[in-house]
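The chains carry the letters A, B, C, D and E, assigned in the order they are written, with residues numbered from 1 in each.
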Amino acid sequence: MASGIRLEKLRKSFGATEVIKGIDMEIEPGEFVVLVGPSGCGKSTLLNLIAGLETATGGAIRIGGKLVNDVPPRDRDIAMVFQSYALYPTKTVRDNITFGMQTRRIPKDNQQAALEEFSQLLQIDHLLDRKPGQLSGGQRQRVAMGRALVRKPEVFLFDEPLSNLDAKLRISMRTEIKKLHQRLGKTIVYVTHDQIEAMTLATRIAVMDNGHIRQFAPPADIYENPVDLFVAGFMGSPPMNMLPGVLCRNGAALAVQPKGTGLRFPLPRPLADRVTLQDGDQVVLGLRPESIFAAETELPGENRFVFEEAVEVVEPTGPDTMIVFDIGGTEMIARVRPEDARPEGTRFRFEVDMTKAKLFTPDTGQAM
Amino acid sequence: MRQRRTSGIVQPKGLRSVLMRMGLFAVLGLFCLYYLLPLVVMVSTSLKSLAEIREGTLLSLPQAITFDAWAKAWDSACVGVRCDGLKPFMWNSIAMAVPAVILSTTLGAINGYALTKWRFPGADWIFALILFGAFIPFQVVLLPMARTLGQLGLAGTVPGLILVHTVYGLAFTTLFFRNFFVSVSDGILQAAKVDGAGFFGIFFRIVLPMSIPAIVVTVIWQFTQIWNDFLFGVAFTIGDSNPVTVALNNVVNTSTGVKEYNVDMAAAIIAALPTMLVYVVAGAYFVRGLSAGAVKG
Amino acid sequence: EGTVEVLHWWTSGGEAKAVGTLKDAFEAQGGTWVDSPIAGGGGDAAMTALRARVVAGNPPTAVQLKGPGIQEWAQQGALNDVQEVATAEHWDSVLPPALATIMKYDGNYVAAPVNIHRVDWLWANPEALAKAGVEDMPTTWEEFNAAADKLQAAGITPLGHGGQAWQDATLFEDVVLGVGGPDFYRKALVELDPEALASPTMVASFDQLRKLRGYVDPNFPGRDWNLATAMVMRGEAAFQIMGDWAKGEFLAAGKVPGEDFLCAPTPGNGFVLNSDSFTFFKVSGEDKLKGQQVLASLIMSPEFQKTFNLAKGSIPARTDVSLDDFDMCAQKSHEDLLKAVESDALVPSMAHEMAIPRSVRGEILDLVTEFFNSDMSSEDATERLSAAIMRAM
Amino acid sequence: MTEHPSPRLQAERWIERQLPRIVVLPLFALSLFFVYGFIAWTAYISMTPSGVMPVYDFQGLAQYERLWATPRWYVAILNLFVFSGLFIVIAMAIGILLAILLDQRVRAEGLIRTIYLYPMALSFIVTGTVWKWLLNPGLGLQRFMREVGFEDFTFDWLVNSDYAIYTLVLAAVWQSSGYAMALFLAGLRSVDDEILKAAAVDGASGWKTYTSIVLPILRPVFLSTVIILAHLAIKSFDLVIALTGGGPGYATDMPATFMYAFAFQRSELGVAAASATMMLMTITAIIVPYLYSELRRTNR
Amino acid sequence: MASGIRLEKLRKSFGATEVIKGIDMEIEPGEFVVLVGPSGCGKSTLLNLIAGLETATGGAIRIGGKLVNDVPPRDRDIAMVFQSYALYPTKTVRDNITFGMQTRRIPKDNQQAALEEFSQLLQIDHLLDRKPGQLSGGQRQRVAMGRALVRKPEVFLFDEPLSNLDAKLRISMRTEIKKLHQRLGKTIVYVTHDQIEAMTLATRIAVMDNGHIRQFAPPADIYENPVDLFVAGFMGSPPMNMLPGVLCRNGAALAVQPKGTGLRFPLPRPLADRVTLQDGDQVVLGLRPESIFAAETELPGENRFVFEEAVEVVEPTGPDTMIVFDIGGTEMIARVRPEDARPEGTRFRFEVDMTKAKLFTPDTGQAM
């Protein structure tokens, strides 16, 4: 019942600037795809292309197997939340939300029911008679959400739909979207900058960069096995620490020695086995902040490596505290428990869980 | 670079849309006919000789094309004792219309801006009262106006006429701009206020560049009204300083003389040329999306 | 020597040329001529401007103004007299008395006439008449009706007419003259005598007008008079009733009077007078006052009267100017004028603002044109005519 | 820092706060004098025996009695309603239609737009004559159609007292609908594109997009257009004079021509002033409620 | 040199709706205050009031000790980033950014220098000649930022300035803002829905709710010692678990027994001492997700409590995995390491660090 989306060599230019540079992507029916990528990389443009709001410069778009390059938006059976909301300024919240149903001649009763359902869910039921100009930013965003949700199209396109909501509301919205997806089984393409949203909602995440797709894989894969430095650095907040160094034999085992230091990070077995490089070759060691913690604060495990550095910055975030320190000129971040934090300037013993380390070739950026 | 951000929306292709497109052009074309028909008659008449007009049916196409009528209308038709055609009067109209258009448009813009974006108590009342001026019959104001101009020492002068046109144009220019400004987002103005711009700074540097469509329709309206005005021109100018409409009227209207329809038509078209030029030039600024990307929501 | 600013509505063709002769003559005397032509609506636009000018305290020196309008302005104290010139040049003796009265206020000349237009002309296309077997120009309305019936039977529109209020009124006054005679005309349309206005003669006049209405083609409303003239020229219509300016159209088209077209007075032995004149407004300054005197004298000079009227197609206001150089219709006009003066059959035109105040004329025009364009009965029309005139007085 | 800024600064602030008023008030004063002052003058003149020139002797309502006893005035007033109603509705409808059609990315837009607009540039002094020819049964359309072969084609409104008023509508629409188009086109062009995109996704057809999204946003443009067209309708003077001359008879007389005729042809300023006053009162009665509701709405 | 801001009984109504309901607040010169609160609670309105863009309905606003209620925005020496961007649509990015300097007649050279500095910092230097309509959402937001930053006013007002940026950019912007604050020492009022932004940037956080300020305190205080249920529930993502229960003696110590269960959560000493309620009284036990983890995965400590529940939902977020479970009808979230997660439906042994528990009275919501 849901339709898949297939993009083939899709391109889009605005005048001389090419924004989408040949994207191939196959989204299964009922999938929940989250698009992430740096600001300006072409995410909104890609959604616009799928919606038919921009005409592709090249390539094909298929929805449910049908070539839709020439099909106007209204015949594509999609709903969309715009990053800029794009609410109808003269219509009340109520009419903004039901307009899409009105155009499709859905019976009044059903409209009313859908309106009630979603306005309660979005906590805007007390605002139904206001005009968009009388709403706060987050309220507008929720109206934009409501407008898309009330219809039950084949494909939902969400462009940062929760960015202006507070954490609490965002979590509950997230849950509702997930439930809705499970209930309706529609295909969803969702743009977000929120790590957690991406990780928890997606069946697959597509990481975009500068008009290309870098990796398109399930969330855990993206997080655990980023294909390259870009993806590794982009997913994760704070991002993965990237430590340039050289490979060296540490007795029987392989280790990475960061430039300008005497530290040697021993590589665990499976990773070391995959390394095809020579002793002395340049590598980049990827260590996520959560795998660096205060020494002896976790249960002992295999492949741990302990070292000492000076605390440069302490950033409490609430549940955790981030400690910024320096290894051979590279700024590193460790995530420690608030009670383990020490003031800036003090020496601190860090412990690394090397089983979670990643290794990249510095020139191509590819993961090993 | 001005581009339409909706131009990307995929339009349906196929037979139906081709038909729709053809229908669209058919309707547009039909209306072109409606609008052009009188012009065709005018042009064709202006290209006939007077004999042919008298002999043939008025609406037939010219047998032998002659531009004499045009030449005559331009520089040798008699306007009273002077037989220099419309030429000398064009300048009078320009000297009057251009300042009057600029003045009334600017004042209207400021007025509309102050009344919508800096609302103060009573702003709506003031607007409504100013607007009502649009309905005052000009025949009625003629005598008191003459009196006022006489007292101001402006009777029979171009500045006097400019004053009159500015005053009575204000209702319209204010209306156009006010109605445009009500749909301009307040957010942008707020940003400008924080950026340190004052009343006029915001107006000239932020608001005015955004209101090009409003300026276009206002200028078109004001220029047309002022250029084509006859009554004030007749009443408040003398002889050689008459605007071109008065001259046109003098060429065309003969009470007991011989009517030269070909010259009349040519003269009418000539007198309208500057206005049409304004339509073409101003019309080029009917652009889309001046507010694109400004705000969310 | 002397400056005049002249407000007039003779802006094109023969008219403009005619004023041009005045200007040239004035300038030949060393004066300065400022031209203020304002055409439109038979002088309505010029009258509008005149009011504005007077109110602004800046009137022109001389204005093309005629009929009782002169008295109206004089009553406002807006005029200067040129009696000195008139006395010196004996205007009284060379102008038809009916015209002279109109030029005076309080016994002094405040205006000078430039021409006389005859309004009660009947123009005809001889070919068309011949085709229908009409031999002579009709001299009574009965004859006219008979001829018209013949023409109609022959498929020719008997009367070329333009449906504008002033044209309708022209027909009307010519009919009144024909039906009631000059005395009745004067009583009814000049003195506005209630008895005359309500008399059976008036009813009869309306009856005749109704007949004329039947001789007009259906497309007449709004038509300009010159298009009606063109109909006569082309033979589509046989007659037109119009002042002598229609002659200009015929001549301009190269038609020869007596051959290509005929002119004859409308039935009734009178002469409906229309005359243009220049009225002198109250201006100050030596220069302008001097200009006024010079202009007055110039206008009334026989040479000017001749050259002017040759250009304009009318006849001189002075009765003592020789018409040898004029065409036959003009000569006939002049003859008739002298005769009419003699027999007191000279009447001022109501339709052309020579007879009665503009307010009353307006009411009459409204009624006549309504009558002409509806099926109002002659009795009703007569009744309403009196009422309308009462209203305006 | 002190609680009270210096008097100079205070004065500057005061001026700055009052600036909108300072800017508007002189213009408002102009309008008060030149519009309302003159209206008052006219109202007063309507109660005097003014003829050729204004006189200032108070006389009461005699001119109004005279006015309402004049049959032509009734025709004029009735015509005003018929003409304005039809003209405003038709010109506006055509204006909207053409603006929307032109908004469909039409290639020759500039040319077509100018063609639609140009009639406004032409003075009716001359175009009236052309319309007169075109509409005259013996010269124009009817004759043409008959010559082409439609023997029974009849289009004689111009010479028919009952229908002549509609020919005025025809010519007036010809002249002004292009400008209504321009007003709407300018409005259309200032609608935010994102909203149009949202409507496209919401499944609105082109038609529906315009009727339920764009036109409501253009509400203020309707106000402008109505005012403009009403102004043109009320003041249509040249048109009447040139096309029908108020005829046949005075069947197409309108208050503007009536007023002009009485003021300047007939030297009855008093009656003209009375008619002007009546007209203004009528307009007030109609336009004020409309203005009120519009202004309330735009201010929410 | 920086100015403090003082709000006294500040009120604002739109027509009949009161949006700011009497706020008293004293912001020290040079402070970095973060405003948080649910969507629609009045944050933007409060900023507008401070900026002079809305007229207060009641109360006083003082900047640098000076009453500014009647001072127009441009004389208040503030810069503001608008939630809705409010860019000048007809101006290029360059002119959007420099406009504020132009109006203040800052020399061209200084303008150019400031423009370069900040456009590089915001990574929009390649966009300077574009119009806002040609920018992506995030780029617009950065332009809006740039416009505020280039000027160096007494007070900065930021309304969700980073909401449309990707995580990586957001972190670097955050750091830049922090540096800027340290360098310039200006007073900053900053609205955000991002927990981490609030925690890391603020010198004090003001938690707003429905036109009131609930708590105004340093970040750690807000997180560790929320004054009431609202603040506790609002700060923290995922939010604190709120477990209703009754007080009961557990031998010598005090414990909380959640309704409808036999579990007894022992209260640690200092907390138990503060409790003034009776045995059997209703309380709400607040447990942050990070203080519930998989049993025996952390070093043993004091005041731990272990219990077993069925896993209902597993949500991997990358660094951590959230496990949703149920205690007596209350939905709870625990934060565990990804490798400790178990599939939905399995019984799971949770361990709670009760030293971090909070206790609230259910009716007033006050913390004990």
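By our rule, contacts are C-beta pairs under 8 Å (C-beta built on N, C-alpha and C of every residue); 3 or more make two chains touch, one makes a residue touch a chain.
Fair warning: this is a prediction, and the values are worked out from it, not measured in the lab.
Under the touch definition stated at the top, chain A and chain D share these contacting partners: B, E. The greatest number of inter-chain C-beta pairs in contact is found between B-D. With centres defined as mean CA coordinates, chain E is found 21 Å away from chain A. Between chain A and chain B the centroid-to-centroid distance comes to 56 Å (mean Cα coordinates, whole Å).
As a whole-number value, the distance joining the C-alpha centres of chain A and chain C reads 94 Å. For the pair chain B and chain D, the distance between mean C-alpha positions equals 14 Å. The multi-chain contact residues of chain B, meaning those touching 2 or more other chains, are 1, 5, 9, 143, 145, 183, 198, 230, 249, 252-253, 289-297. Counting partner chains per residue, chain D shows two or more touched chains at residues 16, 54, 125, 129, 139, 192-194, 197, 200, 217, 260, 264. Each of residues 48, 52-53, 72-73, 83-84, 87, 89, 134-135, 137 in chain A touches at least two other chains.
Inter-chain contacts, as defined above, occur between A-B, A-D, A-E, B-C, B-D, B-E, C-D, D-E. By the touch criterion stated above, chain A contacts chain D in their complex at residues 48, 51-53, 72-74, 78-80, 82, 84, 86-91, 99-100, 102-104, 131, 133-134, 147, 151. Every residue of chain C that touches chain B in the complex is listed here, in rising order: 5, 8-17, 19-20, 23, 33-43, 45, 48-49, 51-53, 55-58, 117, 224, 226, 230, 233-234, 243, 245, 248-249, 252-253, 313. Within the complex, the chain D residues that touch chain E are 1-3, 5, 13, 16-17, 193. Interface of chain E with chain A (complex): residues 14, 36-40, 43-45, 83-84, 134-139, 141-142, 159-160, 163-171, 193-196, 199-200, 219-220, 223, 233-239, 288-290, 296-299, 315-320, 322, 335. The part of chain D that touches chain A in the complex is made up of residues 192, 194-195, 197-205, 208, 212-213, 216-217, 219, 300.
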